[in-house]
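Once you scroll down, you'll see the structures, which are given as structure tokens.
You will see two complexes here that share chain A, one where it goes with chain B and one where it goes with chain C.
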Partner chain A sequence: MSPTVEGTHPKIDSMSLDAFAAGSQLFATGAAELSFHLTLDWARSVLGDGVRVSRAADLPPQTICAAICLVGSSTALSERLPGGNEPVRVIRGLERRLGQKIGAVVALNLDAESALLPVITAALLGVPLVDGDGSGRVFPLIKQSSYTLGGVSATPLVMAGPADDVVVLDTAPDRVEELIRPLVLALGGWTVTACYPMTAEVLARVLVPGTVSRLMEAGVPGAPRSVAAPYGVRTLCRGRIVAVESSTGHGMDLTLPSLPSSIVVEEREGLGRLIRLEAHNEIVFALADGAMVAMAPDQICMISTVDGMVVDVDKVAPGLEVEVMVVRAAPVWHTEEGIALGGPRAFGVPL
Partner chain B sequence: MIIGVDLGRHETVTVAVHGDVLTEVQVTAGTLPVVTYPDGMRRAPSMTPRGAAVAVDLDGVRRAPVAVIRVSNPCPPGLGPLVGWPEDSGVGTVVRGGHSLTGRPITELDTDAVARFAAECGLTDFAVTATGSPILPHHELAVAEIIADEVPGARITLSYEFGRAGLRERENSAILNAALGPHAARIADRMARDLPGVSVFFARSGAGLVSAHYFRRYPLICYLGAFTCALRGGAALAGRGETAVQERGAVVRTGLVTGGMPRIGDRRDTLVPLNVRLPLVVSASEGVAVGPYARQAGPGWQVPERAELAVAYGAALARPTVDVERIVQAKGRAELDRALDATRDEALTRAVSAGAAPGSARVTGTIVNPLSYLPDGLFRVEVKAEGAIL
Partner chain C sequence: MIESRGRRDWEVPVTVAELVNGGPLAGARMWGTGENPVRQVRIVDDLATLGSVPPHTAVVLVGQAASGGWAVEMAMRRAWEQAAACVIASSAGMSAGSGAGLAERLGVTLIFVDEDPLVTAVRVASAAARPEAARTQLVARCATRLAEAGPSARRVLGVLNSELQGNAVALLDPWGSHLAGRRAQGPSLAEVDIPDASGGTLAILVAHGSFQSPGWPSVVNAVLALAVTPLIAWAAIERLAAERDVALQSALATRLLTLASSRTSPYGRIGDGGEGAVPQGAAQGTPPEADLEASGDGTLARAVALRWPVAGPLTAYAIRPHDADLDDLQMIGSVIAATVGPGPVLRREESWAGWSALPPERLAIRLAECLAALPMPCAAGVGAQVPDLGIMDESLLGAEAAAFVSPAGVVARADRMGPAKLLAALPGGVLRAPAQMILGPLLSVDRDGTLLETLTAVLDEGGASRAAERLGVHRNTVTTRLERIRAAGFDVDDPGTRLALHLAAHVLRSRPVG
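For the complex of A and B:
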């Protein structure tokens, strides 16, 4: 008998999916409108009676859980559509490697598509989705998670893309990024990835808890955006993007998935400061007239003043009016280990 | 002198713009327009118009049923072609083929399936969308050849002409473009009849003009041409660069003008998600009101003197404009520069085919963004070009 009392925990069904999806977009960086709507339509078409959302502590302690995320390019996902069986192939691949059934899935992070793929996976497999995630925000690298900070290995890790491949990576966790980046392009530009296999007992100790149900609340029309930021949020400036510069990387051998770029925002009010945002997939830090005002592991994002949507780093253009906001990361990220894994240094910036 | 024409939902408004002078003109079908001059005299203009810019909205017009061919791997039914369209929008099929982001063929194109569908669908307006066509359009071009062989007189829209990544939105754009084709052709025919000897252009959504020939092939580019011109013309009549403009005609809607030009973006309130940028619709409490019912706009709204001429005036202010978006793969600066040059050349060629005088076409903007979460060397490139009417 399930220890969860019916009704005490939410269910993601056709009624609540939209709120959850909207909540997952409130601070989603690196997410793209097109692939998000694609993933949402995909989720709608497989949701059936809905997906049960369960606290990790409410699952039988030995239940094997797997973290699910999108690895690769959202542009690729919107261009090369899923065949539909990627989540099942990836879970079956992990089960074969482990010799054990996967009894629940959990998100690696709750950023737009990466929030919806675990829902799709749970629906296709008929297993619960755990209420929480491995980030509390989003980081570009798989190893950048509270699961890693809690001592759980990202491997074995399984990837499946829109071509009919399944790739199992049996390697040390710090080898993962180097191996997956070239693989992603060969697999079709994007993959559903299952990683961090662990028991529910361990998961309950290492996850950022309650974030799924929180996004379901934050996404209800009329709810303040700050509901999606459990550890606090502040506005850095409101202004207009006046320059976007991208670099060819200067030949640096970084393990990060794409090239650095800079975004300059001219503050519209107050001091009229120039805010410089240094991005490397994500915005790593922000300078106001040359002074550091925000940095990873806190999350820096640009919200369009026209439609309230997060502006993608690879879609920015001069002339856009934005509000630059800083979302405080979960406490685990502000520990010494957390800063080492998710701070500026992790993005190749030795600050 | 440039003629501006507002093909409104009820009546047509025509103006002549010569330098800074705006006058309303009468057009009798098949003759040169007659201008009512400020002295009250009506006579044929002292010079031949350099061109006529026509503004029309296509969001409410009759759409033809479309035969939709998607070239890709099979996908879940919820993501298939024509999902979200009304029942009678057409018929669709998915055939094997397409290219990866690196330009490699995913599988061979299933030419037999294309030929079978084209021959049996019973329609003549086609929309063709292949996975990866913003990188390499070969399979779309191959499908077009097969259709042309199977269906004499077929009108074919290829999605790479709306070259942004995002298969479903690009496909929807191609479908809508194909569906608007027959109606656009009727409008272009009518303007050619009404204004003989005058080069006719059509106002694009967002900014700029394209030639009538271009409009016949890519009417979707002009989907909200009249709303665009209402925004630009209204702001210009009021002498404001930054303002909200409310159009009060057959419909009431408000948009934003910044730097004299309409604010555009991806809109989610269209029939289906599209990949063309349209003027954003906003709610505002003050600004400039235009259109035949401008005076009903209420307090906070400035009504220009000639509010009913705003759309036609906005059209006459525009110039031939095109944009091209591609995904390019380039290792290192030199390769990227070559790819940029190629994209700029394409934009200039298109600007000329959209009606810009050949010597006047120039690139007005280039945006290069690396694609996140992929290995180095994949970029989204967007180039804008514009020119002057002859």
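For the complex of A and C:
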């Protein structure tokens, strides 16, 4: 199955949704999660004729666009089911705050549920989905986006939870993380969040372009995994996880959702190196025999050699056979500002 | 004991292993060989500064550079790139984890210390700056502890093994048997002789273990040399005590023989308590005390201290007084010890016994001197030479039998003893009267003794022909004389009287002895 193409732009319809969903799993975790299947069913039920995928530059320049993502725990999403109108409420909330109509939605990142929620939102509102996202990969924090790097504020930010609440957050961008953590809990554990309101003209300048259509191509059965990595991907090693330890020395003062851990992989081939993956919510850097071989903002992920699925750093166990891959981040992340926002220091690693 | 060449060795830089095994890092956990010399110390807080560390540096990680396992691994990698001597970090909150594996992979020595790494850094820096002072410090500490240990082989070896960690120090007898300390295999690192009073070798102090630095063997040698005097003192005290106390000697010798014969293995393995030898470089093993307990209560060590021969071909002897009234034990023991030479002197039943490393011929000569020196009539026996203590009992029994059949003043050798010797042992004085009575009828017709001579010859040789040959007469002469003997009432062909006749003839023919 190949994505439906309308002119030069693809369209996400019931046919191509599966490919897009599969593509969003290639370098991200969560495929086996109940919440992902639930979100996928939700998307199928609201898709109708499909969602138009449009390049930012092809939209009228003054069109107001909003980034959509899931904030909170995906487990909570599977336990406290959505009412179905959260995307609409969050967009209406943002429109009321801005006094302007939202003309298009865009993804903050393309990780599992966060890839599907913009599709659902676009379908419910009948607006196009912009081909691209604010990351090109996944970061744990809202501020860690190419939009921030392009000078766009994440606020005003609107959150809609499963209990009919809508919260409008009007604050300085660096206060966002601090405020939304307790709010998410109060709102029911998860929220659909709309943020980074901006014009299509600005969005065209700050987004990582073409990632939606990329994932639609990469998710087609038989397509190589590397299609999902437009800036390059390499295999660091193939080996067996020999130890999973709690780690120290980085990120203790950060408010990241999970605790630092350290995963040791023994290389099966070649030099038989010891690869240490230091993880804090995600793998921040990799050492091979003590030498730095990969680090954020490039994305380091473990792919199980059994089923080809990405292994969640919080669910990893010794004995697992994995392939450690490094996905090169978009060029914007390799600028000085990009490294400051998404490099190891952003995860509290003093490197 | 320390030669000038040795002193120069002390100035070569200390190695990491030396710091851990005998120096300021004693007790720290080490992964890797530790063979690199340490020339300076660098305290590293920021991993970036590792790039400017010169070779042979001990890198002490603090702060950020020691903040986690990953940081230590990165430091090890950079240390390897800079050819640093080792990486030292605090053990607090650190698991050996893959750091130990990496130490092996890269050949970088990793050390975890329990104390504040900054304190460690200062101590390592001082040892690196003045290696001779660091080594002298170790030797001085050993000297103090040896002085405290006093003249006890067990305690001296305990001190040596606890101070020279990573090495195994043992006290061996001159034949290589283990006496005390920690056993090890392979080439020795240092050896020091413990001399006896006559300038020979009483025992050897041997250190095994890893060659930790070019300076290390001479340091070990110096430490071993410090132990010579207390060990000589220990041996002398043991000998004095034992020589004063014959009962103690007997008990010790009995225990030694029991120990030796209870081993199925050759004697050279006595004291092998069953546990394996300490592998080279192993710092932690059986404590020296336990090792000593295993070697039969230190029996062997004490025997060696007394200069008793405990290995090699050995020969037993026995000395039997002919008069039972011999209570001056001390005097007899002293005379035997003075004439026979080093060895135990034991009381066994009616006799005195012992063993010597001398071959039977030379031992017999010494015993003859001893018999001459003793103020009362005694006989001596020499046993057969045996290869080790395990079958010493055989040699002792032989010696006792030989002494028993030997007349006073004579040294009999069990290995040369035949039936004739038994005859020689007959108490001639006692039997002479009955013999004369038995042979009375013959003697009354035998004016010149030719009949007795002929009777003896026939009985000795077992026939008239050979008797004629021995006497140098014609066979018919012998036959004629036998007719006259038979006429006197003695039938040499009668089996019932033949032995008694032979004995009587033998007693009357032999001269009185004693």
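The rule we apply is simple: the second predicted complex is superposed on the first by the 334 of 351 C-alpha atoms of A that agree within 3 Å, B and C clash if a C-alpha of one lies under 4 Å from a C-alpha of the other, contacts with A are read in each partner's own complex, and residues count from 1 in each chain.
Definition applied: contacts are C-beta pairs under 8 Å (C-beta built on N, C-alpha and C of every residue); 3 or more make two chains touch, one makes a residue touch a chain.
Small disclaimer: the values here were computed from a predicted structure and weren't measured.
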Look at where chain B and chain C land on chain A after superposing the complexes, then choose clash or fit. fit
Reported in degrees to the nearest 10, the CA-centre angle with chain A in the middle and chain B, chain C at the ends is 60
Output check: A:A291 vs chain B and chain C. Expected answer is one of first, second, both, neither. What do you get? second
Contacts for A:V264 in the overlay, against chain B (first) and chain C (second): which applies, first, second, both or neither? second
More chain A residues touched by chain B or by chain C? B
So, does A:E178 touch the first partner chain B, the second partner chain C, both, or neither? neither
Touched partner set for A:E337, first chain B, second chain C, both or neither: neither
In the overlay, answer first, second, both or neither for which of chain B and chain C A:R80 touches. first
Determine, under the contact definition given at the top, whether A:A243 touches first (chain B), second (chain C), both, or neither. second
Smallest Cα to Cα distance in angstrom from chain B to chain C after superposition equals 15
Chain B/chain C common contact set on chain A: 248-249
Contacting residues of chain A [partner chain B, same complex]: 30, 33-35, 37-38, 41-42, 44-46, 71-76, 78-84, 140, 162-163, 181-182, 184-185, 188-189, 244, 246, 248-249, 257-259, 261, 281, 306-307, 312-317, 319
Residues of chain B that touch chain A when the two form their complex: 72-79, 83, 98, 100-102, 106, 131-132, 134, 165-169, 256, 258-259, 263, 265-266, 273, 275, 280, 282, 327, 332-333, 336, 367-376, 378, 380
Enumerate the contact residues on chain A facing chain C in the complex. 242-243, 245, 247-250, 262, 264, 273-274, 276, 278, 285, 287, 289-292, 350-351
Across the complex, what residues on chain C touch chain A? 47, 64, 67-71, 73-78, 80, 93, 95, 97-98, 101-102, 105-106
